[in-house]
Amino acid sequence: MPQRHTTGKRSHGWMGIQRGHRARPLEWLAEKFIFAVSLSTILVVLLIFLFVAREAAPLLFGRMNSAAVQEVIPVGEFDKLSPAQLQQYLGLTPSELAAMDRATLQSLMEVKVEALNEIPAAFRGDPDAHLNTTQWRYLLGPHQWTDYAKPEFIWQPVGQIKKYNIIPLLVGSLKTTLVGLLFAVPLAVGAAIYVSQLARPRVREVVKPTIEMLSGIPSVVVGFFALLVMATVLQSLFGYQTRLNAFVAGIALGFAVIPVVFSIAEDALTSVPQAYTQAALALGSSRWQAAWQIVLPAALPGVFAATVLGFGRAIGETMIVLMVCSASVMSWNIFDSARSITTTIAAEMAEAVSGGPHYRILFLLGAMLFAVTFVLNLIGDVVMHRLKLRLEGKR
Amino acid sequence: MKYHSSQPMKTLPVKSLVVAAILALTGSARADITVKGSDTLVILAQKWAEVYMGKHAGAKIQVTGGGTGTGFAALQNQTTDLCDASRKIKAKEIEACIKAFGKRPTEYKVAIDGLSVFVSADNPLKEISVPQLESIFTGKIRNWKEVGGPDAPITVYSRENSSGTYEFFKEHVLQGKDFAASAQTMPGTAAVLQAVAKDKHGIGYGGAAYGAGAKHLAVKADESSPAIEPTEENVVGQKYPIWRYLFIYVNPALDKGEVATYLKWIRSDEGQRIVKDVGYFPLPTLLREK
Amino acid sequence: MNEVRSPKPAGRSFHAASFDYPSFFFSGLTGLATLLILAILGVILLNIVLNGLPGLSWRFVSTIPKKDFFDLETTGVLPMIVGTTIRVLVMTIFVIPVGVITAIYLTEYAPNTSLVTRLLRAAVNNLAGVPSIVFGLFGLGFFINFIGKNLDALLHNPGPVWGQPAVLWASLTLAVMTLPVVIVATEESLKAIPTGLREASLALGATKLETIVKIVLPQALPGILTGGILAVSRAAGEVAPILFTGVAYYMASLPHKLTDQFMDLGYHVFVLSTQSPNIEQTRPLLYATVLVLLGLTFALNFVAIIIRARVRKKLRALN
């Protein structure tokens, strides 16, 4: 590493002497430019959160109403309405209202009446049809809907009464992710121990990049493989009822998680100084004992970080779960189907009415996903950083 | 380009320059007819486009799918001329169109789709009624013996809730009630079929044109009606109880010239002949254009 | 690597009399885990190659499907190959300059301890972990609904030109997604360049900028290349970010401008495996398409891994 002048407010880099925009304006300009461009990464992270949250904002502030039956003003009463009332009733901005002629406004009112008439008579008396299902208590809490025997968590965003409870989706994401981790972490960590501690250098040179190639398989291909081949094989092995279920999705997710966990765990194990192993070997322990009792405990935070980052990878994976299973079942049984948050966003966005409650909820789910993975990444990074500092003896 | 010649002469030169620059950058100014919407219809729409272009030199038609909702969004944003839809437009979408271009879009029926109910070839059951289907798919009936089949639990296969087929089945067979929580949702009709073909106790639904590997049940509108096979004759004749229209929507301001000719051709005998090739059913003669 | 290693494994030769069963057993277990992972990889690849090869032909990769893209006899994947290639190439135009400049800042300029540097590193790490579907939402919310719509309003376009899904927006979305890949790979190769080289250049009177442009960057080129290739191979297989930002289910012609939509290999695999009217009939076609996609991403990955291994070796030799 180059020597750095760390005195003074700003660092001078390894060109400290030639500092200053007067001495070398071009250098100064270039440095500022480089700095500005590199800030774009921070900007992008902020923008992602800002714009995903922006699309979800009306929902967060309770400005959406998804009630099937809403109050309707007959078209005949058009002249009785003040412009302000009209604007509010039709949900227009003042400039939109000003731009529209009488006939257009009246046809907008007609549509409101039609919307009500579209609802079959059977539903008009249904108390559920008057609920604004985008309220938090319906999004998160169970509710006893008409025709149901007990309060339930239900995600059924299409139909007369739109049920937007996100709990089944959370369960679906967690279920598949946990299966994936239970499958992938032991395998990946085992392989990391083998590759970093036990294998001959020549074997390691070949095995490591090969395992890393697993991450080069696009997730849509893993999904395809799981759908066509694995689902059938696993069903005949385990003999469960539902062919496409959270278990198959979880194992397939595991394929995507293995390279992530392996790379980080291997990195952590390798960064444990050789001296540890050598000392243990010198004292007469076997290679395995050195790896298990000396190196692994030293690198344990790294294994933890690998698991956390693997979790982030699994919960954010879209195509695999989308192709393998997608029923929004409120069940923790891994042999039932599941619908993950990512699947829901990917499958439903194209059909959601742009700007409507469903569209906003999908963005809300995206924002949640972003927040969760953000925190997980932060934890993983901090743990890895500290581990390396400790192993390098800097702390 | 005719777009330019029809511009009033007083247009600021700067403005027309800018317009010209943008046109040069982004290609031609909508000389083509663009079609967007339902993935159910995309193959049919493409076939129509191709045959039509073969007969009318100079006509250019661009077809993309993406889903019925996407199609309506494009219609209101005026990014497409025609919107393929596997369901009727919703009041919310009409509202958006009126806000965007002041008029409600014009609706054209362009084909008929029959929905079949599939069971495994090993299942002895031959017919089923719509109320029974409602009970099965909402989870009230859970064993085949309740509908005259063997004593075995029923596995219900359904579609993605983002598909038009799902919505149609839910509205018309389930009377708007929710699918049973235990229903498996599959990502496509073919996946439903494959699952049913492999699952002796499975039941699923999908376009009548699909169907290799599984048995199509004859359906009774209610317990006292006769059981009807989902054949072309029965679906077009509206005897078979589970069917729907497929639509094209268009902004009325654009429904002239080439677009109008194209729409008329689609609904003519010639256009309707193509419908059968891709597995849907043609409109009854009454609804066709002469 | 391990200098003190004796020709024979030390542990075992000392305890030849009492064989260390637990060690043998557990070592074997980790070896088995490694083997299992390799086996999974092997089975997937073998399954795809064996089933995919019969369907592969020059006609298949050079045909635009005209009627029914579920029919192996007449269909082809040319528009998908073109679409995937274009979106990925346009992406590199955006991501490589920004990624490389950021990496230069981080290695050559950034003060180690400042808040901005730490924020920057955190941002890079976090960006790498953001789920791909969230990038898709971001592309829709930011590029299409914000930038695109405002651009249309600004240019007084008669209908939306920019405010709709397009190659450009899909590429930009992917550029954002692959930014950390390029940054990390470039940084790695910059660090592998000996400090002495920089010092020599400076001692000869070159400025810092000159040193970076003329000495450091040429040396780091393989690493930058690796970063680019890794980004391309990652992006080529991604489907989720382009779902709402540009991919089309079907297009009759190839895209010819940046505001066109496009067909895509990965998305096509998804369509074929879920929308096909007859799964058994589509299977050979599906395998052939998967093989094309896999061939594309793997070839790129393979090249990147080889270059990267060389860079790493150099780095290790330095430390």
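Should a chain be cited, it is by its letter among A, B and C, assigned in written order, with residues numbered from 1 in that chain.
Here, contacts are C-beta pairs under 8 Å (C-beta built on N, C-alpha and C of every residue); 3 or more make two chains touch, one makes a residue touch a chain.
Keep in mind the model is a prediction, meaning the values are calculated, not measured.
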Per-chain Cα centroid nearest the overall protein Cα centroid belongs to chain A
Of all chains, the one whose CA centroid lies most distant from that of subunit A is B
Most contacts overall join chains A-C
Subunit A to subunit B, mean C-alpha position gap in Å, rounds to 32
Chain centres from averaged Cα atoms put subunit A and subunit C apart, in whole Å, by 19
Subunit B and subunit C have mean C-alpha positions lying a whole-number Å distance apart equal to 36
Residues in subunit C with touches to at least two other chains are numbered 274
By the touch definition above, subunit A meets two or more other chains at residues 227, 322-323, 350
Touching two or more other chains in subunit B are residues 66, 186-187, 191
Given the complex, residues on subunit C that touch subunit B span 66-68, 155-161, 163-164, 248-253, 256-257, 259-261, 274-282
The answer for subunit C against subunit A in the complex is residues 1-2, 4, 9-12, 14-15, 20, 22-24, 26-27, 29-34, 36-38, 40-41, 44, 47-48, 97-98, 101-102, 104-106, 108-114, 116, 119-120, 122-138, 140-142, 145-146, 176, 179-180, 183, 195, 198-199, 202, 207-209, 233, 236-240, 243-244, 266-267, 269-270, 273-274, 283, 286, 290, 293-294, 297-298, 301-302, 305, 309
In the complex, the residues of subunit B that touch subunit A are 66-70, 72-73, 90-96, 98-99, 102-104, 138, 155, 158, 160-163, 166-167, 170-171, 175-179, 181-187, 191, 195, 198-199
Within the complex, subunit C is touched by subunit A residues 1-2, 4, 6, 10-11, 13-15, 18, 24, 26-27, 30-31, 33-35, 37-42, 44-45, 47-48, 51-52, 54-55, 186-191, 193-195, 198-199, 201, 205, 207, 209-214, 216-225, 227-229, 255, 258, 262, 274, 277-278, 281-282, 284-289, 292, 309, 312-313, 315-319, 322-323, 342, 345-346, 349-350, 362-363, 366, 369-370, 373-374, 376-378, 380-381
In the complex, the residues of subunit A that touch subunit B are 92, 96, 100-101, 104, 107-108, 111-112, 114-115, 118, 120, 122-123, 145, 147, 152, 154, 156-161, 163, 227, 232, 241-244, 322-323, 325-331, 336-337, 339, 347-348, 350-354, 356
